[in-house]
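The same chain A turns up in both complexes below, where it pairs with chain B and then with chain C.
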Partner chain A sequence: MAHSHEALLRSPYVWHPICAREAWHLKQEIDAGAVFVAGGTLLRTQWEAGLVTFPAHLIDLSGIADMTGIGRSDEDGRGWRIGALATLAECRSHPGLAADFPLVKEAARVIAAPAVRNLATIGGNVLSRTGDMATALLALDAELLWLNDAGTHSEPLSAWLDREREGISGAPGLLLAILPSAFLGVSMISKTRRFCAFHKAGRREAFIPPVVNVALNVAFDEGGAVADIRIAAGGGTMIPARLAAAEALTLGRVPDAALLAALHAAVNEEYAPKPDPFVGEAYRRMTAANLVAAALWKAGSDARASGEEGEPCC
Partner chain B sequence: MLLNRDTSGRRWRIRPDGPGKVTGELEYLTDLSLPNMLIGRVLRSPHPHAYIRSVDVSKALALPGVHAALTAKDVPGLNRFGIARPDYPVFCEDRVRFIGDAVAAVAAESDELAELALAAIEVDYEPLPVVDDPERAILGDSPLLYEEGNVFHRNGYKFGDIEAGFAAAAHIVEETYSTPRQMHTYMETEGGLFVPGEDGRLTAYSPTQHGFMDRMQLSRILAKPEEDIRVVSSPIGGSFGGKDELNVQPYGALLALATGRPVKLHNSRWESVRAGLKRHPMKITMKTGVDAYGRLVAHRAYVIADKGPYSTLGAEVLNFATEHVVGPYRFKAVDVDTVSAFTNNGMSGEFRGFGGNQAIFALEGQLDRLAALLGMDPWELRRRNLRRAEDPGPLGQPISVTGGAGQVWASLEGSALWRRRSEPPASAPSAPWLKRGIGAAYVMHAAGLGVGIPDPAGGRLQLRGDGKIEAFFGYEEFGQGLIASLMQMLIEMFGFAERDIVITIGDTDVVPDSGSTTASRATSMMWQSLRRLRGPFAGKLLEAASRALALPAETLAIGEDGIRGAKDGRLLLSYAALAGAAGQPIAAQTHFSYPTSPVDRVGAHYMYSYSAVAVEVEVNTLTGRVHVVDQYHAVAAGPVVNPQGYLGQIEGGSSMALGFALTEDAVMSGGHYLTKNLDTYLVPTIVEQNGAVTVDAIEELPEGDEHGPRGLGELGSVGLAPAIAEAVYQATGKRASKLPIDPALLQEPIRFN
Partner chain C sequence: MIERAPISADPSAKLNINVNGREAVLDVPPSKRLLHVLREDLGLTGTKRSCEMGRCGACMVLVDGKAVNSCLAMAYQCEGKSVTTIEGLSEGGLTPVQQCFLEEGGYQCGYCTPGMVVSVTAMLANDPSPSDADIEEALSGNLCRCTGYGGIWRAVKKAIELKKEQTG
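Now for the complex of A and B:
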C-alpha cells in the first residue's frame, strides 16, 4: 500500500520530447499508459469528469518547434501549413491565414473563451472530433499531416473522420500539421466569387460547445448559379460530415426560394445529429437546415450585391 | 433619478474592498492555509435513496497519513442541522435521502490521500425506490422519504367568493408555469479552515451569512459551549442565500477536534453542485379572471415546490411564494394553495428572491395573457388593478406605506424603452430571421424575515485608542458591497473621513449579533443602527472633546480627522488625541428588531420594495435563441445609500434573472444531476449581458417615514424573467410558461419569399 501511495503522489511522469519523432517513439515505448498533451484544456475536463483515467505518463508536445507556427506551405505561396500546436488564439488573429481562410478564423473565434484559446491548439480541437474546427476544415478540403513509424504522410481530414465514424478509432500517428486546400482559399479564386460562412448554435452565446455548427464554402458562376460548394455540419457528439446530397442538389442552380426550400429539406434529411439530455434531435436538424439555408441565401444575395469581386461573408 | 456614475457625482466612490477583489489579491477564507493542516473530505452517498446497512472506516483509518475517519457515531452532540428545523443529518445513520448526503468524513495529510481514504471506506447500501417528482411524491401510492409522509409544508390564503368571481369574469386564463432548479453558482465554492486552539476553543474560518447562527448550530453538533467557538465568516466569494445554511462546517469542526490539527475543506465545483442548495423548482398553476373593464375578479393559485430531502428554509420560501403569488394587485377574490414536497432530488433552499421569483413569473404571466385577451395594453391592465399606497399587503396585513407601487408604474410608462413599443422600429432588423419585442413586469418584493421569526438587528461604534472610529456589525460582505455602503453611511451621516474609519464584520468574537445578512435587510438595518447611534455616539465624542478642549460642546463638530470648530471647521483635536485625552473607551451600541406587521400570521411581511422592469429582446428564429438588448428598471426602495451598490444589486440581480429565464437549470434524472459542472450548467456570460441596463432610482418616501432605505438585494433578480417572456411573445407570438425558455419553442423553419 505504501508503494502505491508513493506512486500516486509521484504520478504522472511528464516527458518533454524536443522533436516529433522522439515524441512518437516515446508513445510507442510507453504505449497505453501514455497520453500526448498540448494545451491540455480538453484532457483536464475529461480527467475531472472521470471520463478517462488520469494517465501515468504525459508526453508534453509543447517543446516541439516544427509542430508550431502558421505559415505558407510552399514557395509559390499558394497553400498554408497550420502547425498542430498553433493555438486557437493564433488561428484567430493570424492576418494572412484569415485573409485566405476566414472559415478557420471564424471557427477559432467562437470556440471556448480567451483563456482557453490561449492554451488550446488547433490540433487538439480537430482530434477531439467534436469541436468546431473540424467542421470548418471539412469545408476547406483540409489534409492532415501524420507522423508514424512509416514516416510522414498526409490524408484528407474527411477520410480520417469517416474512419472515426465507422468506429475504426484512433489517430494513425502524431498529427504534425493541418493543410487546408490551396485551391479553396478566398484570395486564390476571387474571380469565381467565392463565399464562406460558419455558424454555430450552442446552449449559450459564448464559451459553449456546439449543439450545431455548419460551414459553407460556395462559389457562384457569372450567372449566379452555384459552381462549387462544400457544406459541412457537426455539433454535439456527432462526428462532423460533409452533406453530399445537399451539396449535389445545389450545383448549377441559382439559390432562389425554391432551391433554398429544397436545400432546407435536404439538410434536415441528411444531417445526422445525436441527441443528448439537453437538446433533442428535431431541434438540431431544424437548426442545421435553417443555418445552411440562411447561409446560402446570404451568400447568394452578397454575390449579387458585390458584382464581379468576391468577398468573404463570414 | 437615472442612476449612474454621472448622476452620482461625488457619491460615486471607489469601494474599499474593490481593488483587492478586482486584482485577485484579496485572500478569501478558503485561501487560508496553515503549515500543519490536514485536508478534509466528505464521503457522500452514490444513491439518491437507500438504507445504510453498514459503514466500515477501518481500512481508511489504517492508511498512513490518514488521521481521522468519522461517521455518525462520532458526533458528540446533535447529529443534525438546519436553520429553521434541524433535520439535516451531519452524517446519515441508517438511510440516505439524496446524492449529497454525507456518510463519513476523513482528514488526511494531502488531498490525494484523503481521496484514497474515501475510496477505502466500505459502505453497504440497500437502494430504495427514488422519489423524483414532487407531484407524484404527495400522492397516496408514492414511496415515502419519511413515515409521516412526503408533504413537508402546506400553506394557503383566501378571501372573497372565488366562484362568483369566475362566474362574473369576461375572460379567464389558466396556465401552469414551471421554474428551474437554479444554482447560486458563487465563484467561491463552500469551504473553510477549522483550527482547534490550545485553550480548547475552535475557530471556524468559513463563509456564512450569519456567523452567530453557525456558532449556535456548531455548538449543538459539537456539544460545546457557544463561547468556545469562534466563527470568522467574511470576506465571502458570493453566497446569494446558498451559504446561509451550514455546509462543510460540521465536518471541518468535527475533524479538527478529532485530530487536534487544523483541517481545511474546500468543495470542488462538482461537489458543490452535488451537495449544495438550489432554488426550489416550482410548478405554479393559476386561474385568473378579469371583467370586461379589466378588473381582476378572481385569482386561484396552486404552487408545488420540490423541497428535496430536508427542511432548511423550505417552509419560509413556500410562505414567501404564498404571499407573492397575490402580489401588488387588488383582486376581488383569491384562493391560494401551496405545498412543498419532500423528494430524493437535490437540496432546495434559500436563494436570492426566496420564492418570489417563481411566484412573480407566474403572476405576471397571467396579467400579460389577460391583457392580450382583453386587447388591452398590458401596462394599462396593471394600472387598473394596482394597489394604492394605503392598501394592506398581499395577505391583508398592514404594511409600511409608500407610494412605490404607483411611482415605478409611472416611471416605466414614461421610459424611452417602453415608448419605443408603439413606435415604428428605427431600423429594419439586420436579417429577416431576427425578431424584436418589448415586454414589462411588475414586482412587489418583501424584505425581512416576517412575523414570528426572530429578526434581530444592531451594531456598535467605538473610538479606538489609535484614534480610528471602529464600526462593528454582525453582517457579512459577500460581494454585494456591504463594506462600501457602511463606509459611505459613516462618512455621510457622521462626517468622518474614510481614513478615520475601520470596519469590523464577520467575527463572532468581536461583533454584536446583527441578525442574518439575508432577506434584503442588511443595508436598511445598518442605516437604522447608525441613525440610532448618531446622537449617542456623536454626543459622547463631543462631550469628551469639550472636556479635553475646555470649550462648550455646542461650539464643536465632528468632522474629518477629528473634532472641529462648529463654525469655521478648523481641526481642534484629532481623534487620536481625543482617544488619549478621554482615558476610557468611547462607544455606543444599539440593538433592536426588524419592523414587522402587527398580525398573527407567521412570515407575513411589513416592508416592501417595488420595481418595474421593461426589456427588449431579439429572437433568432433560426435557432430560437433569445438575446436581451435593452433593460429598464424603475426601482422604489427609498434613499440610495451607495450608488454603486444600488446599481450593482439591480444589474447583478438581473443577470441572475437572465440565467433563470434563458440558460440555467440543474437538470436531474432519477435523483442524479445531469448537469454536474459548469460546462453543462450554464450561467450567462458577458456576451449574454452586453445589452444596456438603465436604472431609475426613485428615492422619495412619504413625509415622516421612519424606515429609510428599503431592501434591494433581491429585487433586481425577480422581474426580468416575466418581462423577457412577454417580450418574446411580442416578438414571436409564442408564450413561454416554462423556464428556462426552450429555444425549440421559438424556432421556425426559415422561409423565403
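Now for the complex of A and C:
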C-alpha cells in the first residue's frame, strides 16, 4: 500500500549515524527537535500516551557498533563494559556478566517481559532515571561513560542521579557505556564473602513498574560482620539513591536482631519515596525497610552457612 | 549487518523486509509500527492489535527468531530483518504448539492465542526443556482474560513433552 504524501510528511525524519560522534553532532545541529532512539520501547509508550511530543527527528543509534556488546574492558580482565545499546535480554543472559554481577542479571529479569527486553536497552533503562537497572547499578558503584563536545568522560552514576534529583536536568552527553565496579576494595581480602540481592515490589508480580525496588551488595569478614556494603533503593517516580546512613549503621556489625531492627528504622527514615494516588509514602517506606532488612538477614545467614562449609560465596 | 549510509534521513525510503520467508519492499513511513505494517500493508491480521503499549503480547511476532511486540517496533527498526507472524508459523499446517493449544483448551475467545503461540515457539526454540519458572517468565508479557491460564499452562507443558519425544 502506498502512503500519501501527507502521511510521509507527518512521519519524522530518521537519521542513521554510524558512529557516536556523528550521532552527537547531529543532535547538536538539530537540537530540541531530535531524540536519540535505541530500542524505543519507553519512548513509544510516552509518545502514545501524549506525555512527550512525537519528535520531528529520530536519531537511530542501532548502527553504532561501539555502543553495543558486553565484555571485559581492562588489562587485568576484572573490569566490565556494558554498551549502552546492550539489550536487557543480553544483560539477562550474558553468562560472564551474571557471574560477576548477579545484580544486573536479576534486575534485568524483572524489567518488563522477554519480548520487550529483546528491544529495550540498558542505556535506555538507566536514562529513564526510574528504571530498575539504575537501582541495581547504584549498588555496584557503576560509572557512566559519556560523549560530548569535550570528548569522552566517565562519572559515577550516583553523581548524575544526584544532579537529576536536584533538578539539574538532562544527560551531559550521549551515553556510550556503563561500567560497573568489578570489585569493591575489601572483596580482595581473603575469605571475605560477598552477597547481593535485588528485590522489587509492584502491584502485580511481573511486568509492572516498581512500587519499591532495593539492591543490596554486601561483603562479610571472617567473623560474619559487615565489611563493606552498598544499599540502594528506588521505586515509583523517585530517582533511586544510595542509603548512606543505613549503610554506615551496619559496618563492622554482625546482622543480628538488634542490627536488623536498627537497620529497618534507618531505612524507614532515610528512604525518600514519592507518593502517588495508589501507593502512599508510608507504605513505600515500610516496604523498603522490610526488603532491605530481610535481604541483609538472608545474606548474613548465607554467609554463615558458606563459612561453615569453608567456601567463600560470591 | 545492515549497510546504511553514514547519515541519511530520507522519509520516502523504502522498507526492505522479509516476512514469512518472502521479501517485501514497502513504501511506509519509517516510524510506522510493525504491527500496522503487517496488518494494513500486508494483510496479515493474525497479529492482533490490543494494548499497543507492549503489555499484552497479542501482537507478538518473531524478528530474526526473537519474540518482539510488533506494537513497539518501528518499521525502520525492522529494515533488513526477517519477521515471522502466526501465519508464517503455520504455513505448513498446525505446528505442535498450536495442536497442543487445541487439545488442551488453551484458548477461549482466541484473541491472545496468536501471541501466546509465538511466545511459546520462541521459548522452545531457545530452550526445549524450560522449567516452570522459565515458562512463567517467557509468558509474563502475554495476557489472557478468558482462560485463567490453566489451559494455556497445560498446552505449554504438553508441547514441551511433545518436543522431548520428537527429539528423543
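What we mean here is this: the second predicted complex is superposed on the first by the 289 of 314 C-alpha atoms of A that agree within 3 Å, B and C clash if a C-alpha of one lies under 4 Å from a C-alpha of the other, contacts with A are read in each partner's own complex, and residues count from 1 in each chain.
Please note the rule applied: a contact is a pair of C-beta atoms (placed from the backbone, for glycine too) under 8 Å apart; a residue touches a chain by one contact, two chains touch by 3 or more.
Owing to the predicted nature of the structure, the values given are computational and were not obtained by experimental measurement.
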Pick one for A:Phe207: touches chain B only (first), chain C only (second), both, or neither. both
Determine, under the contact definition given at the top, whether A:His57 touches first (chain B), second (chain C), both, or neither. second
What is the contact status of A:Lys105 with respect to chain B (first) and chain C (second): first, second, both, or neither? neither
First, second, both or neither for A:Lys27, with chain B first and chain C second: neither
Looking at A:Glu48, would you say it contacts chain B, chain C, both, or neither? Reply first, second, both or neither. both
Who does A:Ala294 touch here: chain B (first), chain C (second), both, or neither? first
With both complexes overlaid on chain A, does A:Phe278 touch chain B (first), chain C (second), both or neither? first
Which partner does A:His264 reach: the first (chain B), the second (chain C), both, or neither? first
Looking at the overlay, what does A:Val14 touch: chain B (first), chain C (second), both, or neither? second
Where chain A meets both chain C and chain B, residue numbers: 1-2, 8-9, 45, 48-49, 113, 206-207
Chain A residues within the chain C interface of the complex: 1-3, 7-18, 22, 26, 40-41, 44-45, 48-49, 54, 57-58, 60, 62-63, 89, 109, 112-116, 118-119, 206-207
Within the complex, chain A is touched by chain C residues 2, 4-9, 11-12, 26-32, 40-41, 52-55, 57, 60, 63, 66-69, 71-74, 76-77, 119, 122-123, 136-138, 140-142
Tell me, which parts of chain A touch chain B in their complex? 1-2, 5, 8-9, 45, 48-49, 113, 201, 203-209, 212, 256-257, 260-261, 264, 277-280, 282-283, 286-287, 289-291, 293-294, 297-298
In their shared complex, chain A is touched by residues of chain B numbered 63-65, 110, 112-113, 116, 270, 431, 433, 621-625, 627, 663, 667, 669, 674, 676-677, 679-680, 682, 684-688, 743-744, 747, 749-750, 752-753
